Amino acid sequence: MSASIEIAGVSKVYDGGVRAVDAVAMDVRQGEFFSLLGPSGCGKTTTLRMIAGFETPSSGAIRVDGADITHVPAHKRDMGMVFQNYALFPHRTVAENVAFGLRMRGLDKATIAAKVKAALAMVELSGLEDRRPAQLSGGQQQRVALARAIVIAPRVLLCDEPLGALDKKLRQQMQFELKQLQKKLGLTLVFVTHDQEEALAMSDRIAVMNGGRVEQVGTPTEIYNQPTTRFVADFIGDTNIFRGERVGPNLDVGKGLILALPPSEMQGTGVLSVALRPEKIRLIPRAESAAAGSSAHGIVENTNFLGGAVLYRVELAGGHRVLVQQPNAGTSRLFVPGNGVTLEWTPADLVVLKD
Amino acid sequence: MQTTASPSLPAAQQTASVRAPGPARPYGRYLYLAINIAILVFLLAPIAIVVVFALNPTPFIQFPPVGVSLRWFEKFFASRDFMHALGFSLEVAVLTTLSATALGASAALALARGNLPGARLIVATMLSPLMLPAILTGLALFQTYVLLDVGRPTWGLVAGHTLVTLPYVVRTTLAVLHNFDLRLEEAAQNLGASPVRTFFEVTLPLIKPGVLAGAIFAFIVSFDQFPVSLFLVSPGNETLPVTLFNYLKFDLDGTIGAASVVSIVLAFVVVIGLDRTVGLRSYVKL
Amino acid sequence: MMKALGPLSRRRFLTASASLGIGTIAAPYVARADDPTLRITGWGGKWGDIMKAEIGPAFESEFKCKLQTDSAFPYLPKLQASSRSAPIYDVLHTNSNEQWAAAEMGLIEPKIDPKLVPNLADVYPYAISDKIVGVSIFTSAIGLGMRTDKGYSGVTSWKDLWDAKYNGVRGGYVIPVNSLGQAFLMMCGTLFGKGQTDLDAAYAALEKLKPIKIVDFTGAMEKMLLSGEVGMCVIHDSGIYRYDGQNQPTDFVSPSEGVLSLEQVLTITPGSKMKELANAYVNYMLRPEVQKRLAETVWYSPANKKVKLDAKYDAKLLTTPEKVSKLIQVDWKWYNERKDEIDQRVNRIFRA
């Protein structure tokens, strides 16, 4: 039966004072696909290893279904794990690899055989029972690792960049399959990745980590549409970030550009950062006049054709460079470098960031 | 393949690839073959001479041999001294192999995993018997035993042999541990294996090739050990190499050759046997 | 059998007889754990075989003790490494030169007390001369060994070895490690100079011996002579006579200038806890019947004047005062004091 996890103010300080994880607090709900997302060195893997029991927190507590497991050794935690590069036992066959956890649980041979067969069928590897890991492709090894982890019906499935070594196409397929499997089995899954697209595509919720801390926890849409910190806004997708001084209901970001703040943010003084996603901006041929605070003139500097969309970099009159993404509406409607353009946006799309 | 040399290639490689299709190649190949044959002859000639010596009926080395006879083998197997020495050498070699392997493999594990302070110094200390002339190790141990007044017991000899065979086990085990993926142990623990179980289910099978290679070295080095044994054998309990050396001083006949042939065959059998029973070949790849 | 018992052994013998009854004496003796152990050194080969099979067990049985023989070289470093007060040997058996080295280091007692070893009264003078520490129980004669099938004839003198016709088939020893080689070097001084200690004359003579085949072990020289690789060499008589009866085309020549003695010497260590048993052992080894048995096994000349060997052995070994008078003993004390210098010099001669 899947479980919930509570990470309560956990820190990990290594010898020499390196603070790998700093007061991380989050809850993973039962049956949830929960991703830890961040650049390398952000503490996401250390956090996962503390959940698995391979590292002991320097402070704080980890609870599973309310029970404190902070100091329970790894082999008593009843969690499945899929490792980066899979960590399959090279001296054992596929079937023996999958059977390993069942054997450790003292099940009888017949039960083990049946469960191994079912697990291999689930990951579509039937027939490869007697191969050794070295004789399998990367994708097949990945499936064996997955089968080995889920066959023990773990309370929690932990995945450490499990798809990182696969090529893009296989990776997308595995993302889909893993998600399907997780839903089907109702698994609580903690998934570590540095790939924001992967995290956005698969997760129920995401914790974005940076420098050992959690920057923001939220659903993919929340994370993408309402990043709360400059780091999150910058790390997830492309974005334009402006920083300036409040002047009444507006933000003066310098070089003659004034942005109207969204209605909810009109009060206050001081310095502020705001983010504006490239696709929230409309690009039109140079208009005669521009509405102050929600439009600007510029010149297309270069274009990046993405297929379904086009990403433009536009240099505004004052010197700011802004990314703008427009749907590919047909060849005749596309701009080319040197075109004079006008940018328009809705102030409500500006997201105010914490620094 | 294009032979236009790219400027980044080292000079030697360039010449090689440019010259490859040219007429110089057969000569290089003959030279290569000749050198290899010469090395083989150099390595195998002593064994061949020993075998000829052992089978030749005259009590001295003679070329060409005058015949084939098993009289020296008969003499060897009929000699109680040699048989006792052979048995004792095997006993010492087996005990040495067991202790050196157990100690060496554990030490290597501790050194590779234990995060010990001064690990490099410990490794250097453990490997030091390789640097020291073995005769000094033997003499020093002999003096230690005399000082401790323990006489020259078999365990003392085994301890001496263990000392000089330990480096081999430590070295070969450290080598496999160096490439060991720690995540394999974590995976086992994650799947419910206790640390002890993890060791026997995962760690040991995976470091086995290195441990086994060390064990084989330990056996051979102990079985052939002369300098350390020289001082540590006690009257009536001499190892085969010491017995052979003493025999050599009085009777230089084919029995020496027969004993050497038996030693070679025995060492070979043990190596093959270990290989087959404990098995190196089940690991196609690590 | 019992006539030459020393005082202790007689007492032991009586006690043993009283407690066990006379009938058990003849039975093969099985040493018990609490029996005293006499630790000695000894040769391997035929010597070792007969010591192990007959002579050792008879001693153990007679003296109710255990004989522990170390036949693994090197004896001297082992003795040197062990404590003076608890040496690892009670009786040291080596050739004379090593005994002198041991005496220099104080590892052995230089003299054996004739009161404790009555058989000492019956040995030839050479066996307890001032050139000997302890007692020489046997000697071999170092002379010339030669092939009899190569037409070499008229060999009577050491100097024949220098004859150019032996170029290529001449055999000698690595002097730093071989007693025969060392004794021969001293002989060279006598032959070509003012005497044993005339090293310059000896070096010059050795220089003229080249080309010469040199070996470490005496056993190797025997084999080279048997195989015909060497036609004429320096060798001890027992190294030739031991192949008696095998029809080997080899013979031993006693040069007219005399033969060098290669003594088998016994000494006792000062720290021995088994002094009485040690003396009994030395005495036992000098007994005529023990001497005879060993002499006829390994072709060593016995030191005891009273030994009567079978005719075959008597004819070849040094068994009369006249024959014994041909023995030339080497001053090993003098030699050992200069050993390093001599080693360096001869190494240079034979390396070139």
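For reference, chains read A, B and C in written order, and residue numbers begin at 1 within each chain.
By our rule, a residue touches a chain if its C-beta (ideal position, glycine included) is under 8 Å from a C-beta of that chain, and two chains touch if they have at least 3 such contacts.
Because the structure is predicted, anything quoted here is derived from the model rather than measured.
Put simply, the chain nearest the middle, going by average C-alpha positions, is B. Chain centres were defined as the mean of their Cα atoms; on that basis the chain farthest from chain B turns out to be A. Centre-to-centre spacing of chain B and chain C amounts to 39 Å, using the average Cα coordinate of each chain. Between the Cα centres of chain A and chain B there is a gap of 54 Å. Mean C-alpha positions place chain A and chain C at a centre distance of 91 Å. Residue positions of chain A with contacts to 2 or more other chains are absent. Taken in their complex, chain C has these residues touching chain B: 39, 43-48, 68-74, 77-78, 81-83, 86, 88, 217-220, 222-224, 226-227. Taken together, the chain B residues at the contact with chain C in this complex read 58-62, 81, 139, 142-143, 146-147, 149, 230-231, 233-236, 238, 242-243, 245-253. By the touch rule above, chain B contacts chain A in their complex via residues 181, 183-184, 186-195, 197-198, 201-202, 205-206, 282-286. Those residues of chain A that touch chain B in the complex are listed here as 52-54, 73-81, 83-85, 87-91, 100-101, 104-105, 132, 134, 148-149, 152.
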